[in-house]
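What follows is a set of structures for review.
Common to both upcoming complexes is chain A, partnered first by chain B, then by chain C.
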Partner chain A sequence: MTRFIVGRLAWTLAVVVAITILTFLIFFAAPGVDPAHQLAGRGATPAAVATIKHDFGLDRSLPVRYALMMKHLVIDRDLTSYSQGRVKVLPQLVDAAPVTFSLVLGATLLWLVAGVLIGVLAASGRRLLDPLLMGAGLIAISIPTFLLGDLLNLITQDRLHGFFLFSWIPPLGYVPFAQSPWGWFSHLVVPWITLSVAYVGIYSRVLRSKLQEVSEADFVRTARAKGLSPRRILVAHTLRNSLLTLVSIFGLDFAGLVAGGALVTEVVFGLPGIGALTFHAFQDLDLPVIMATVIYGAIFVVLANTAVDILYAWLDPRTRSSGFDPAT
Partner chain B sequence: MLAGLVVLALVVALSLAAPLYAHWIAHTDAFAPNPNGTIVVHGQRVSVLQPGATGLGETPIGPTWTSRYLLGADGQGRDAFARVLYGGRISLTIGFLAAGITCLIALALGLAMGFFRGWFDAILARVLDLVWAFPVYLLAIALASATLAHGIPLGPLTIDSSSILLPTLIIALVSIPYVARPVRAEAMAVRSSEFVEAATASGASTWRLIVGELLPNVLDVVLVLAPFIVASNIIYESTLSYLSIGVQPPQASWGSLVSDGQDLLYTRPLVSILPGVMIVLTLMALYLVGDGVRDALKPGQREELPR
Partner chain C sequence: MSATAPPLLEVEDLTIEVRGADGTALPIVRGVSFTVADGEVLGIVGESGSGKTMTLLALLGLLPPRVRVRGAVRFRGRDLLTLSEPELRKLRGAEIAVVFQDPMSSLNPVQRVGDQVAEQLRAHRGLDRGAAATRAVELLERVGIPNAASRARSYPHELSGGMRQRVMIAAALSCEPALLLADEPTTALDVTIQAEILALLRELADQLGAAVVLISHDLGVISEMASQIAVMYAGDVVEQGASAAVFANPQHPYTWGLLGSIPLLEGWPPKPLHAIPGQPPTVAARPSGCPFRIRCAHAFEACTERPELLGRVAADHRDRCHLEPAAKAAARQAAPLDAGAAS
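Let's turn to the complex of A and B:
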């Protein structure tokens, strides 16, 4: 296990370096890109462009430029957005992180509970329940998040806002938990639902097919032959084995969302999270912010990926190889 | 499966017929603003854009249920239904074209990785893992912000920044891991099978091994995934266009139509909801077709639906 963990950590480091080089190439060396002007943003003064040229060593060779970019990002952590009068980027990210985290955490809880429940119901369901639930799941994965968000806004903010069920839902926005727990909760309920619907569809689908697959395995037949009750077989044997599949996809989904994947939900509901920050930076062509969210986000995703691998190897020793072998 | 195919064929046919519908039935130009236009409904002449109820702004005419402005007008007095049909052309084109590009590149990558293995495969596999785990829209924003200002110069050719090829390429790029990873796994399995060993022993060249032995045996993996990739591409495209990162005006896709209609969401919700309904129908059809193809070709294969 130690060997596995050390191997995985070595890989993680290599991948972090690879991703920073990749991002660097996208922003600094893509054909047709003029990094100084792009970093400076819209309507930049020649002085600002000159400063950037110096700060990022744009007149020097590519490896030097890469080193300088990494120095600004990781060592000095002083990446500055120039378009809004030299605002540091990192504090903006730190401010936005709790919003994204609140959104993703609630949605996660919701979709895990609902996804597992629906998956189990569908797999063990009678003739009518299974197709009904899977049909609903099909609709759930076919509605783009922005559309669902718009529709829910239309219902809860406008058409049926007077209706007692929705009248407690406040206008769009975000309230920190420390300021008002109820405000925090009520602002986030509809975004939570919006974000989780598609994942409920995916998770229940995956779990259902895995449950059906496992229920034909030998150890389940043995359990049945031993005369265990169907309920005990489900909880102690089939479900336990099937949930392993969800662990690996869950870790990545969670990390991806925290790193900015909840962008659409944040934009639709006016939540000032990391995704929304990136999106508004795009509208202002504020490249340093985009560069920072992409690189920090990527590093976060890689770390989460490693954590999932290690957790998975701990849960299922069969997947423990040397850890350095990427084929596993 | 059959229902999915029928719906899909219907959506494609409707979108293809967009110019016919606009010219012969709606008698309108779906791209020209028509702020002062009037039409005759039930013998009365009414203007397409009417003063808003609050006295501020204008409210476009609602569904007339006649051939002109069947489902009402958008904020600039254009026929909402005709625009939805035109939007389908763009959305479907990008969805299928990007899926084609993705499958070709992923097939090449996956085959090469599965055949050569070793360090080449090790590094590429990790990069694919990373792109797979990375938030799609963040990656798309990064690519778009680097390319949207100038387009992509490709030697003598330049992909203009307003061309639909730009979002197509971005979407194709971010989808590659979803196909390349399963292709690689299958190629590895086939690579160590006996018939490949036999071909190697009989002196077949590398090229001949990859194209003649591996390729035919991994094609079904791609075929099973293709409908799901088209579906996720349509989600990506519509979301990017909704965020105004994708298709640029005057072209409009279903996603940009939803976003255009947002100002009217509370007065004329159909303008925004109708293109949304088209997206949902198309996606459901594609998922049904995908399930059918999988059950027919490779019942065991589980698709990892990209988000």
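Let's turn to the complex of A and C:
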């Protein structure tokens, strides 16, 4: 297992380096693009463009330029956004990351619990419950986040804010956990629900079909022939084998959201997270910020994939021992 | 046992039906009856699709709910078909245990094999985690798994096929059942392992005094273990009796065919093997009358009527064949479906 983890981490590092090279090439070596003007942003002065040309070594060879960019990004950490008057990029990312993490972690917890519960309930085969839950799941998947978010905002912030159920919900925005745990929680409840609704639909549907598939497996028949209780069969045999599917899609979903995929939710609820940062950077064509968020996002997706692989190996012993010689 | 005690297992007129695409009932198994006494071994033999496994699953109420089961399955006098699911659960694994065909797919791939033996003990014997684990290791030792204590921590994919089937047997016998159902327990294994597993099954069943219902398509396997035989074809029992009687004087042409398809190792050059021509019919395409008549060299007009299962040669040796018992020896000679007649 240790060997597996070490090997996997080395691979991850290689992929991360490859990603930075690729990103660099897209932004600095794409034909027909003048990176100095792009970096400087809209309406930049000639002086600013000249500074950028020097800072990034844009008159020098590609490898040197790559090294200089990585130096700005990783070593000096002074990659600067010029469009809003020389603001450093990395502190912006560092400020935005906890917001996104708070949003995604809460939503994740919500959709995993609800998705598993609803999936199990639907697969348990009640005659009407199953199509009802799966229909609701389909609707949940189909609702666009911006619509659901604005709708919930309309209800909880405006129309029914006086109603006792919603009166405790504060105005849009974000409060750090360290500053006020209750403020953190109350600001995030509606965003959590908004973000998780579609995933609850997806996860419950995936889990239900997997549960039904696994419940036909021979080893479930064995478990029944052993006289085990239905609960034991579900938890130790059917569910345990079905959850493997969720783990693999979960890794990608989680990483995608943390990397900026929660953009719509963040913008709708005025949460200053990675997604919102990327969104505003695109509006301003603020290239350094876009570049930094792209690299951050890519790195996070790769790391999450590694975590999933390790988790998967732990959950499914068969993937762990590839190359292991089965003793007789 | 006193004369009034009911037999261990008494299956009476068991019929299993599924609904066809057009809603009509298709019988998979038709009117199967047999009795298994304490400690006795019954062999059920037949080709794939003859209804052997369905019969076995029906005994434990393990068929899907859309399948209809009629008749009676009396275990120590209680009709299992009328029991509720919780009542059945108390019997399954404790009084009646199963060894399935493919130990790879029949074991949970993500659970350690020791735990798969232990969970049954915990369910029926109320053992705590530690006691069940200790007992599981003892059982794994008993079925001949070397280094049982460390092997108990293995996952199924880390064991060989024979070892996996030993794990299945250890789990099945963990609660010392009175009846063991074995569904093709050696079919998925290497030939060299098959004999070992059969010997192990026989030895452990003897020690526990457990009765065995052994299902196989292999008459060789059946002949080694069973004292009673039921031959199934397309959902019917076509011949049934003490194995000595059935092997010495087979009455149904299908049984002749099965006997003829066993390779014999005596003599040189080896005698040619005989295959039964054609395929067994599917449930939907089963012909009226005797289901074997379309493959049978001896079919005549009467065979369009389904024959009764009657003791034509002896009261306890029954068959479903319209041929006159006296004419059978000549018929078997004339149309050689088995190696003995071919020589």
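Simple rule for what comes next: the second predicted complex is superposed on the first by the 315 of 328 C-alpha atoms of A that agree within 3 Å, B and C clash if a C-alpha of one lies under 4 Å from a C-alpha of the other, contacts with A are read in each partner's own complex, and residues count from 1 in each chain.
Here, a residue touches a chain if its C-beta (ideal position, glycine included) is under 8 Å from a C-beta of that chain, and two chains touch if they have at least 3 such contacts.
In this text the structure is predicted, and so the values were computed from the model without any measurement.
> For the overlay on chain A, clash or fit between chain B and chain C?
fit
> Does chain B (first) or chain C (second) touch A:Asp95, or do both, or does neither?
neither
> Looking at A:Gly260 after the superposition, I want to know if it touches chain B, chain C, both of them or none. Which is it: first, second, both, neither?
A:Gly260 contacts chain B only, not chain C.
> Identify the partner contact of A:Gly297: answer first if only chain B is touched, second if only chain C is, both if each is, neither if none is.
The first partner, chain B, only.
> I want to verify one number. Taking the Cα centroids, what angle sits at chain A between chain B and chain C, in steps of 10 degrees?
Angle at the centre of chain A: 90 degrees.
> Between chain B and chain C, which makes contact with more of the residues in chain A?
B
> Now for A:Ala18: first (chain B), second (chain C), both, or neither, which partner does it touch?
First partner only.
> So, does A:Leu287 touch the first partner chain B, the second partner chain C, both, or neither?
first
> Touching A:Ala236, do we find chain B (first), chain C (second), both, or neither?
In the superposition, A:Ala236 touches chain C alone.
> Please provide the least distance in Å between a C-alpha atom of chain B and a C-alpha atom of chain C in the combined superposition.
After superposing on chain A, chain B and chain C come no closer than 17 Å at C-alpha.
> Need the overlap of the two footprints on chain A, from chain B and from chain C, as residue ranges.
326-327
> Which residues of chain B touch chain A in the complex?
It is residues 121-123, 125-127, 129-130, 132-139, 141-147, 149-154, 158, 188, 231, 235, 238-239, 242-245, 255, 258-259, 262, 265-266, 269, 272-273, 276, 279-280, 283-284, 287-288, 302, 304-305, 307 of chain B that touch chain A.
> Can you tell me which positions in chain A touch chain C when the two form their complex?
Counting only chain A, the residues touching chain C are 217-219, 221-229, 232, 236-237, 240-241, 244, 315-318, 321, 324, 326-328.
> Can you name the residues of chain C that touch chain A in the complex?
57, 60, 62, 88-94, 97-98, 100, 102, 105-111, 119-120, 123-124, 155, 157-160, 162-163, 168, 171
> Using the touch definition from the top, list the residues of chain A that touch chain B in their complex.
Chain A reaches chain B through residues 11, 14-15, 18-19, 22-23, 26-27, 30-34, 38, 138-139, 141-147, 150-151, 153-154, 158-159, 198-199, 202, 205-206, 209, 249, 252-253, 255-257, 259-261, 263-264, 267, 275, 278-279, 282-283, 285, 287, 290-291, 293-294, 297-298, 301-302, 304-305, 326-327.
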